[in-house]
Every structure is written in structure tokens, then in C-alpha cells.
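Each of the next two complexes has chain A plus one other chain: chain B in the first, chain C in the second.
Our next item is the complex of A and B:
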């Protein structure tokens, strides 16, 4: 089921949570809403669910306008950050809830409900825990009960608010993979909110990067990382170094040094230069490069992570060195960005 | 409750044994002198001529009428306050609306206003020269110096108990559970009945208990609007006062014993509830 969001805006008092959002989720797609807290990602998810209503704009499922439908009628599955399991009900009763509250005419028979619950608990690998109470489960188990409960009403759309936020790292990784499989197997259209870029890049078909209530970029994970659309995205996703430079004659100037960079039509004047730690060449001091002094060098991954201080910049640069003889603290080096991006200062 | 000898391993915050004995002693003496002794005195005075006069004082028609009225008033005002309390707590914790702060303040008003003033407010509104006097006269209705006035005054003074108990509890629980129920297709009523009510049941019971204790024991506000008509508008606390003023001490203390007994039962129930409540809150933390 496709989701189309057009021209959505939402204010809470004087605070603009969302400003004019357009977004499309294709049928069967797995979308991540990624952004820092306060970026409006959760508000957008809640508006799509029908838990919040926009000031302007529309939400449509498969072309049908559902903007004014409350969540009860939208038939979406929603998984809450803290799971929101009903603590006085057993796991089985939690999962059955969406079926037992149906009107008599559409409610399955008791035996049928029990069978469906059994099936769902099997699906989320909690077969023997139906009689337990939520308080007797681990975080990962609760998460899976919440999923089973949401899936019991057979939604075509699954919305998840920080689904892995409250779990520890190991469980998180397993659940991620499992959720992705589930999504594919059931043919769902899913949107999940996260502030964890690794999670978004690993799990989603496309990542929606948000900041201050607007969408900065919607792209496949590779493009988000390799071709960020804005300074914010470059900074927020992955590690990066930023240098305040001035652009003159197609070159970027920093403290008397000039780099050749693709200026992409950036007008002459102040700009910010971004480059990733691994997109640099470290050369000997004196070469035509940015002079820096190594302040820290420690092994990391297959290479060495170097922190180097340069004149005219407070924070050290973060650089990756993969050669055999890494520079040592105190060494003078030259830094030459290989792939860098310029964004107008602002 | 005797002071136990100091354990071998003392905590840093523990006082010296002497200070501890003095503190505990003072607290116990104070409790005994100001709470326990008067309570015993009430029962002792009531029973000073034996069990016969004690029972006579309770089954005497005016006393029975007072007991009946007290129970009636509680039976009307407590359920109403359950509904008001849940509605107010629900509105405050689950919705955002302008004037929320004012509503919270208003709920506390009965706690901060003297009960006598509360009673006078109703006289001012519904009395023979009050704001609604002519309307009431047209309808041939009597509110003040009759049972409706007593019920109104009791509702007023007991209003905060249920709401005050529920607001922090529902705030702590948030809206997630309700939203989850709605997302699964439950109606508003189903959500309340299957999700909200079970979540607040212990807190609600606790509030109801306190509300009931106050409804049966209220003196000031009820005294102002009652009119003290024997056998008609006297509640138990008012009946006790009348008997006492007539130097009928045995009867006064006998009825007072009954009230005190109700209070003791309430305390026991309250302790049981607190224990269950803590257990439930502690047992389901995330």
C-alpha cells in the first residue's frame, strides 16, 4: 500500500514541528525517518498514523485521502517506542486485543482468535510465552509482542517509532535483521523513525533525513552517505570534517592555502568545506597541502585514526590513515582532501 | 514497636542509639497522647455504662436516621465524585487545552477553602434570599436545610480526593496505552474499559476510600447547610454534636465510636490498598 504525504505542516503553539512536507512511500517500501530530536520525524510518523492531525496538507493511502480519519479507522499497525503493552493482560491477550475489540459481526470466533494468536506468537518466536505478563519479559521479547499485536489486525502499513531505541546493542542488531525479513515476507509498507544513522542506512530502502521540521534529503542509503544534499546531511550522517573556507576563482581558500574542489557553481564568498576522514591523502609536511600537527593516533578498524590540529581551527581534524607507517603524535603532516564538498555558508 | 538494639554494622545516616531512642520516644509519646489516647477515650466513654446503653444510643430512631442519612449522602456523593474525578483526571492528563492550569487549581479549591465557607457558598446560592431563591421557590424545591444541600456540600469538600489521586498516576502512565488500543481499532469506550480503567484501578480505589471517609465524616460544610433537623437532616457527625451539647455523653460517644470504627476500617483498607498498589507499580516498571 502506497503512502502519499503532501504539503503537511504542523505547529505546536509557537513551535513549528513540520513545515510543508511532501513524501511518498511506494508499496512494499521500507522507509526510515532519520533526524536529531526535535526534527519532526516522530510528529510526521504520528500524522501518517492518525495519532496527530496536520494543520495543512493531506495524507493518502493508495490514493485515498485519509487525512481526517482517526487512527482507529486507518488500519495501520503502530509500534510504540516503549511498546505500550497492556500490563494487566497476558501476552496472548495483548496480541488478541485488536481482534477481541471488533464488532460482533466482524469478530472471529474465540477458537479462531486463539489460533491466530498462536500463529503470530510463533511468527515472532515467542511460542511458549503466551501466558506470561509483559513485566515478565525482556526488552526484546516485549518488542516482539508489540509487533505481533500490531500485526494481528493485518495492517498493510506498519509504522514504528524508534523501534530499537530501548534495546541493548546485540539484541538490536538481531531484531533489525528479523524485522527486515518480516517486512519483506508480509509485503508491508513500513516507515520507522530513528535517530541512529547506522540503523537507518542498514535497514531502509530509502532514508528520509529531517531537520527542524523539513526534509533535507530522500535517497537510497548509499546516496545519503556518498552524495549528501546539504551541509546538514553531510554533518549528520557519517563522520565528517568541516572547514570554513572562502571560494575564489573556482578554488577554496583556507588560511593562505588553496584546494582544488568541485565548486558546483558555488558562488564566490564564504562557504563550508566538508570531507570524510577516509577521503584524504596524508602527505609529508611542506607539500602542497594543509599543514597540520598530529595530536593523537590510535588504531581503528584496519588503519589508524589520526587527530591533527591545524592553525585557525579549534577542533582537530579526524583523519584515517591506512598505510604501514602511521604518523605519530607531534609529527607535522600535510592533509590533502581527495573528495570534498562545498556548501554555501549559512 | 519497641526500640531494637543497634545493629553491628551502622549506616552512615543512622543516629547514635541515644538520639534514636529519644526521637522514637518523642514520636510515640506524641502519637499516643494526641491520637491513640483520645481514640481510646471515645470508646471508653461510650462504653462506660456497659454495652446496653451503648447499643441503645445507636439503635435509637434519631441515631438510625442519622446513620441512614450519612450512608445515603456517601452513596450519592462518592459515585458522583468517581465520575467527576475520572473525567477531570482524564481531561487533564490525556488532552491539551487552554485553561488546563486553571482546572488543576480549581480541583484543589475545596482543600484550601474552609468547609464553613463552602457551606455558606451554598446558602448564598440556594438559600431563601440566595441567587436562585426565586427559581427554587417557583419549582417548590428545597436545597438548603435539606438532603440535596448536604449532598452538594459533601460533593464539594470531597471533590479533590479521586482526581488528586488519579492525575499523577495517569500522568506517569502517559497516553501510549490508549493510543495503542485505538490503533488496534478499539473504540473510545473499549479503550477506557479495557485499558485505562485496569491501569488506574488501584489508585482509583484508594481515592474512593479517602473520598468515602471524608464524605461520612464531614462536619463543617454539612453543618452550615443542614439546619440540624433531628431525624431528617442530621448526619452522624452532627448527631454526635447535638447529643454532646445536650450532655448526653454516653450516647454522643457511642455514635462517635461508630464513626471512629468506620475510620479505623478505612485505615486498614487503605494500608492493604497501598501495599497492593505499590506492588503493582513496582512489579510492572519498564
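Our next item is the complex of A and C:
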């Protein structure tokens, strides 16, 4: 089922949570809403779910306008950040809830409900825990109960708010892979909110990067990392170094040093230069490069992570060196950014 | 070596498995001072609760069994028990409904004067009960503010058992509101949203999700309001009219006995009330333990 969000805006008092959002999720797609806290990602998810209503704009499922439909009628599965399990009910009763509250005419028979619950618990690998109470389960198990409960009503759309936020790293990783498989197997259209870029890049078909209530970029994970659309995305996703430079005549100038970068038609004037730690060439001091002094060098992955100080900048640069003889602290080096990107300042 | 109550729980098998360095029966706990605090608790409860209450039984025992039954279970006493316990239960039930409503409004909504309303809830605690009784009588008397309109409708409040219920509703209200409030505040909004996302309407959400979650707290409020109502004297005697067999509550009957210097008779009635109250509160407590256990195992 496709989701179309057009022209959505939402204010809370003087605070603009969302400003004019357009977004489309194709049927069967797994979408991640990625952004720092306060970026509006959760508000957008709640508006799609029908837990919140927009000030302007529309939400449509498969072309049908559902903007004014409350969540009760939208038929979406929603997994809450803290799971929101019913503490006084057993796991099985939690999962069955969506079926047992149906009107008598559409409610399945008791045996049928029991069979469905059994099936769902099997699906989330909690087969023998149906009689337990939520308080008796671990975090990862509760998360899966929440998922089974949401899936019981057979939604075509699954919405998840920080689904892995409260879990430890190992459980997180397993659940991620498992959730992706589940999504594919059931043919769902899913959107999940996260502030964890690794999670978004690993799990989603496309990542929606948000900041201050607007969408900065919607792309496949590789493009988000390799071809960021804005300074914010470059900074927020992956490691990066930023340098305030001024652009003149196709070259970037920093503190009396000039180096060649692809200016991509950036107008002359102040700009910010971004480059990844591994997208640099480290050369000897004196060459046509940015002079720096190594302050720290430690092994990392296959190479060496170097922190180097340059004049006129408080924070050290983070650089990766993959050669045999890594520079040592105190060494003077030249830094030549290879695949740097310029974004106009301000 | 201190043999504390905690060591009673350890079995012989546990003892054998324990390393020899630690002597049998001494359980190490991160929470020190169990012995002394438990001991003091028992001592204090004896001093404040048990000793005075046992005096009631000792005193009434002086009557002899036959006489005790005569006084404690006389027709007039039985009628007063029925009124005291019945009216207290009715008032506690009324308070459970409307106290829950008030707690709901206080917790869920922000409105100007919320703190003022919250403070008003506590007024029945602070007010001398006699003041409450006089005020209620003035309002509900046949020529009172409300009474004059109720009278033509055939509703008599003052000087009837209904008046007793009204007075007990008044004094019992804060118990329910204050018991339910924190639990309701603790119950996340997301649980309701989860119910809605699964297709549950407001009624289903309330009866199947909210009510069971706050049930134990509501029961606590009911029990407290009920207990308060059973023993209530000051506010009731003004509005009740105190007709024997009709609107005479047990505490008043006890005072009446005392005024006639029939101390043994008074303690006989008191003993019956005490045993009945204790039994009822015990049952309510057991229900609570049972329902709490299911939630936080």
C-alpha cells in the first residue's frame, strides 16, 4: 500500500514541528525517517498514523485521502517506542486485543483468534511465552510482542517509532535483520523513525533525512552517504571534517592556503568545505596542501586514525591513513582533501 | 550473630551449598538493618494499634458470652451495623465513580484553576467533621437550599439513611481521588494510543485497558473511603436524625452507651464493628495482592 504525504505542516504553539512536507512511500517500501531530536520525524510518523492531525496538507493511502480519519479506522500497525504493552494482560491477550475488540459481526471465533495468536507468536519466535505477563519478559521479547500485537490486525502499513531505541547493541542487530525479513515476507509498507544513522542506512530502502521540520534529502542509503544533498546531511550522516573556506577563482582558500576542489558552480564567497576522514591524501609537509600537526594516532580498522591540528581551527581534523608508515604525534603533514564538497555558507 | 527473620526463608539445601566461610543462617543483604527496623515496626504497631484495640476486647470480655451477644447483637445494634456498613459501602461506591472522574480531569487536562480544584478535593480532610455535618444539614434540611427543592420531589435527604450516605460521600471523596491520581498519571498515554491503533473505541479502551490498570488503586481508594465511612461520627450525627433502627449509626450507638456509663456494652458493639471491619479490609487487601501480582510479577 502506497503512502502519499503532501503539503503537511504542523505547529505546536510557536514551534513549527513540520513545515510543508511532501513524501511518498511506494508499496512494499521500507522507509527510514532519520534526524536529530526535534527534527519533526516522530510528529510526521504520528500524522501518517492518525495519532496527530496536520494543520495543513493531506495524507493518502493508495490514493485514498485519510487525513481526517482517526487511527482507529486507518488500519495501520503502530509500534510504540516504549512498546505500550498492556501490563495486566498476558502476552497472548495482548496479541489478541486487536481481534477481540472488533465488532461482533467481524470478530473471528474464539478458536480462530487463538489460532491466529499462536501463529503470530510463532512468527515472532515467542511460541511458549503466551501465558507470561509483559513484566516477565526481556526488552527484546517485549518489542516482539508489540510487533505481533500490531500485526494481528493484518495491517498493510507498519509504522515504528524508534523501534530499537531501548535495546542493547547485540539484540538490536539481530532484531533489525529479523524485522527486515518480516517486512519483505509480509509485503508490508513500513516507515520507521530513528536517530541512529547506522540503523537507517542498514535497514531502509530509502532514507528520509529531516532537520528542523523539513526534509533535507530522500535517497537510497548509498546516495545519502556518498552524495549528501546539503551541509546538514553531510555533517549528520557519517564522519566528516568541516572547514570554513572562501571560494575564489575555482579554488578554496583557508588561512592563506589554497587548494583545488570541485566547486560545482559554487559562487565565489564564504562556503563550508566537507570531507570524509578517508577521502584525503596525506602528503609531506610543504607540498601544496593544508599544513597540519599530528596530535594523535591510533590503529583503527585496517589503518590508522589520525587527529591533526591545523592553525585557525579549534577542533582537530580526523583523518584515516592506510599506508605502512603512519605519521606519529608531533609530525608535520600536509592534508589534501580528495572528494571534498562545498556548500555555500549560511 | 544475629538471627533475623530473613534467615527463616533459607532452606537446608541452600545452607549446604553455601561456602563454609559464611556461617549458616546468616544471609548477606545489601539492605542492612532489617532486624532493627522490623522489630521497631512490630513494637510500634503494638503500641499504637494493637494494645488499644485489645483493650476493647478485654473490656467487652467482662460481659460474659451471653450478655455480650445480647448487647452486641441486639436488634438495635444490628440495625446500626446495617446502616453503618451499608451506607459506608454505598458512599465508597459513589466516591469510586466520581472520585475517578475528578482524578481523571485533574491528571489529564490543563485548565486554569487546576490547583485550586485540587486543593478543594482535600477540604473534607481538613474540615472538622462537625462543621461538615452542620453545613450539609443546613443545605439538605426540608427548608434548606437544596432540601426545599428535593422535598416536593418526594426526596428526603436530611434525617434519613440517605443523609448518612451523603455525609459519608463528603468525607470519603479525597481518599479515592488521591489514591487513583498518581497511578493514572503514571499510566502512559501511549497505552491508550496503542489500543486505538488496534481499533478499540473509547469504551473498550476504558473498560479493557485503563480500568484494569488502575483497578488496584481504585480498590485502595474504595477501601479507605469505606473504612473512614464505617467509623464516621461527627458529620453523620447532625444530618442523620439518629432515629433508632432507622438512621442511627453504630458509632453513635456506642457513644449513647458510654453516656449511660455502660462501658462494657459500648465495647461489645465496638468489638463487633472491629472484627467486621478487619475482615472486610482483609478481603479487600487480598483482592489487591492478587491483582497486583498479575501485573508486576
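The working rule: the second predicted complex is superposed on the first by the 346 of 346 C-alpha atoms of A that agree within 3 Å, B and C clash if a C-alpha of one lies under 4 Å from a C-alpha of the other, contacts with A are read in each partner's own complex, and residues count from 1 in each chain.
We take it that a contact is a pair of C-beta atoms (placed from the backbone, for glycine too) under 8 Å apart; a residue touches a chain by one contact, two chains touch by 3 or more.
Please read all numbers here as calculations on a predicted model, not as lab measurements.
Asker: Put the two structures on top of each other at chain A: do chain B and chain C fit, or clash?
Answerer: Superposition check on chain A flags a clash between chain B and chain C.
Asker: Is A:72 touching anything from chain B or chain C once the two structures are fitted on A? First, second, both or neither.
Answerer: both
Asker: Mind working out whether A:84 is in touch with chain B, chain C, both or neither, as first, second, both or neither?
Answerer: Both partners, chain B and chain C.
Asker: Which partner chains sit in contact with A:98 here, chain B, chain C, both or neither? Use first/second/both/neither.
Answerer: Both partners.
Asker: Mind sorting out which residues of chain A both chain B and chain C touch, each in its own complex?
Answerer: Residues common to the chain A contacts of chain C and of chain B are 49, 51, 70-72, 75-78, 80, 82, 84-88, 97-98, 101-102, 133, 135, 149-150, 152-153, listed in rising order.
Asker: Which part of chain C faces chain A closely enough to touch in the complex?
Answerer: Spelled out, the residues of chain C in touch with chain A are 188, 190-191, 193-201, 204, 208-209, 212-213, 215, 291, 294-297.
Asker: Help me check something: in the complex, which residues belonging to chain A touch chain C?
Answerer: 49, 51, 70-73, 75-78, 80-82, 84-89, 97-98, 101-102, 133, 135-136, 149-150, 152-153
Asker: Which chain B residues qualify as touching chain A in the complex?
Answerer: 176-177, 179-187, 190, 194-195, 198-199, 283-286
Asker: Write out the stretch or stretches of chain A touching chain B in their complex.
Answerer: Residues of chain A touching chain B: 49, 51, 70-72, 75-78, 80, 82, 84-88, 97-98, 101-102, 133-135, 149-150, 152-153, 166.
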